[in-house]
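Both complexes shown next keep subunit A, but they swap its partner, so subunit B is in the first and subunit C is in the second.
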Partner chain A sequence: MSTPLKARISVPRSKDLEVNGVKYNRSSSRRNNFEMFAWLFMRLSGVVLLVLVFVHLYVNLLVEEGGVHAIDFGFVGGKWANPFWQVWDLLLLWLAMLHGTNGLRVIIDDYAEKDRTRFWLKVFLFVTSAFVILLGTLVIFTFEPCPVGADPALLASFCTAG
Partner chain B sequence: MAKTSKGTLYRGQAHGQWSWVAHRITGVAIFFFLLVHVLDTALVRVSPEAYNAVMETYKNPIMGLGEAGLVAAIVYHAFNGLRIILVDFWKQGTRYQKQLLWGALALWLVVMIPFLIRHLSNVFGG
Partner chain C sequence: MSTAHTPDRPENGRNDDPQDRAPEHGHAPGQGQDERAGYKTDADSPAVDARDTASGAQDPAAANAEAEAPSRVELPEKQGSAGAIPQFDVTLQIRRYNPEVSDEVRWDEYKLTMYGTDRVLDALHKVKWEIDGSLSFRRSCAHGVCGSDAMRINGQNRLACKVLLKDLDLDKPITVEPIKGLPCEKDLIVDMEPFFQSYREIMPFLVAGGNEPTMERYQSPEDRARFDDTTKCILCAACTSSCPVFWTDGQYFGPAAIVNAHRFIFDSRDDAGDLRLEILNDKEGVWRCRTTFNCTEACPRGIQVTKAIAEVKNAILSRSM
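For the complex of A and B:
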């Protein structure tokens, strides 16, 4: 607790900022702002995700008669026939996966002490995330709500109308 | 370093510490659910029967309670996330971090009570 938070740095730097006789020496390197962008991304995507996820849960779990029991192929087909929900779910997929992947990256960095362990855990994390993001994106864009030859009883109502 | 010290007991006020622990645990849980959720939804690309078959296995009281737990985790992570943003960006945020936690938990209750009434009656009401 007695560690001084703002140690005086003996070497003068061009970016030294002095406030009330205390020198603040934050890194001003332009080479690596990744952690700052990651930090900012968590906050920005978090706010957007709150809206995206709450609406997603409300529409999928609460609005329909029967709630979760109403979720089937026809329900998904009915939603993704609408470009609005395609874009909604695409944003949800990308932001949630990137937010979650960065969160796990930070947790791995915090708790995995060996360099090799940290490295391989993160390789596994990034490969898994990339696979899930690409698979989900592919599914949203190549989804066919009325597949030929499928049992009409399982499809959204517009597949059999007219 | 922590290994050679006498322990890692947090000596500050516990609110920040436990809300942080809960934020991590709920975050990890939500992430692993998300992986499964994308994979099972991807079954719509296989066939209507395949997707419906997997959805049917979710429609029982045990999974219904799991969904309630998942939503509880998401709502906590969301509101505590807003609290973190306020602590980071609002001038008075650090001073009121404890009150902000109570606020986040109050909002959590306000959202969870009506949600649980509706969801659990869907799950157990047949």
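For the complex of A and C:
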């Protein structure tokens, strides 16, 4: 009597249904967990970004005297001398970029009506995002405020002061 | 065909045969209700002595009416005793489309005299029956149960049989369009096939294995209450065709399919919940929901559609984690 459940269900799941020459099939059934993880990532990264962004704003604008005018080459150089802020900014960069990219991917899915349009918009989106993420990562890790052997006239004041 | 209506026509139509039309539409013309005093209940006429004399005078007529009653449906006249039903002019703008005549869509305007008890469906009936017989729309039960007459009324998805004209802004024309996102076949009729295909895909039927009981499958009231809200769906497609994600390409399963999956996923008697969750964990499944709440706003049964979708999302998540 006990047959496996799936074998027992013969369902009218309407594949290859054609009405008046029009096929209404879902274009492809892609059943993996990607969309689920993307959805989850948006929620989690959103919460983490709230902390990252507001601490970033607080530290950059409110802790030092002078607000936005105090931010210069030297300020950024000083901050990135500390590994803590390197990791902080790296996290901020990656989460914000991936969060934004996924958001735009979803918007493209929702608003582009043709699969070809969708495809090319997404190619453009992913290429530009990858470029920004890689460039940003490179800068955070290889940033050298006082490169050795550079023309002293081009360096920041604190490089020559010490 | 379209020349058959003129703005002043409705009044002519109404004068044709008031005796026949009035009971059918459910609005007594307002005068003459005292002729049938015999039908009044005590609650309706506090002046007892006045009623006695009136009924005394009308007894033969009342007896007559009763004798031939079986073939006639008499509507109670007590509405009349509460005063005449307000009457007003409405302008109806209906989106017309007939692919056999033209690929162009046009908007036809009809001026009608309607009553306070009338719904949008009554106005559509009046147009179809008395002005322009070529107007096409679906309706079956006409009482908000069958789900045939979902349409866009003043830009909102509603059942035409549940929207009272008096609740709309009658200073402006009332626009009536077919629901969006599904291919229009004629006038207000759309092809529901994409909608029902999604519905079929989520397997909207009980799948129960194990030891089959000889009688019904028992369920506690608490277990029944778990999915009570989503049992109310009448498949009118008002939610799915109000969803902006569905409008894009019609690939999204749509709120209605998810609501009906919810009804079985959370049914303690059903065994195929995992299978349905797997089906909805699709590129076009629950994750395309953007929680715009259009579906919840559109549902004529008041189902918390967006909440149901969120519960299915959570079920998929907790199953995968």
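The rule is short, and it goes like this: the second predicted complex is superposed on the first by the 117 of 162 C-alpha atoms of A that agree within 3 Å, B and C clash if a C-alpha of one lies under 4 Å from a C-alpha of the other, contacts with A are read in each partner's own complex, and residues count from 1 in each chain.
Definition applied: contacts are C-beta pairs under 8 Å (C-beta built on N, C-alpha and C of every residue); 3 or more make two chains touch, one makes a residue touch a chain.
In this text the structure is predicted, and so the values were computed from the model without any measurement.
Of the two partner chains, neither subunit B nor subunit C is touched by A:148.
Residue contacts after overlaying the shared chain place A:96 against subunit B, while subunit C stays out of touching range. Applying the stated contact rule after C-alpha superposition, one finds that A:47 touches subunit B and leaves subunit C untouched.
Judged by the touch definition given at the top, the superposed model places A:38 against subunit C, while subunit B stays out of reach. With both complexes superposed, B is the one of subunit B and subunit C in contact with more subunit A residues. The part of subunit A that touches subunit B in the complex is made up of residues 1, 43, 46-47, 49-50, 53-54, 57, 61-62, 66-69, 71-74, 76-77, 93, 96-97, 100-101, 103-104, 107, 128, 132, 135-136, 138-139, 142-143, 147, 150-151, 154-155.
Within the complex formed with subunit A, the residues of subunit B that make contact are 11, 24, 27-28, 30-31, 34-35, 38-39, 41-42, 44-45, 47-49, 51-52, 55, 58-59, 64, 67, 71, 74, 78, 81-82, 84-85, 88-89, 115, 118-119, 122-123. Only residues 183, 191, 193-194, 197, 200-201, 203, 205, 207, 209, 244-245, 248-251, 271-272, 275, 278-279, 281-285, 287-288, 290, 313, 316-317, 320 of subunit C touch subunit A when the two sit together in their complex.
In the complex of the two chains, the subunit A residues touching subunit C come out as 2, 5-6, 8-9, 11-14, 17, 19, 22, 24-31, 33-36, 38-40, 106, 109-113.
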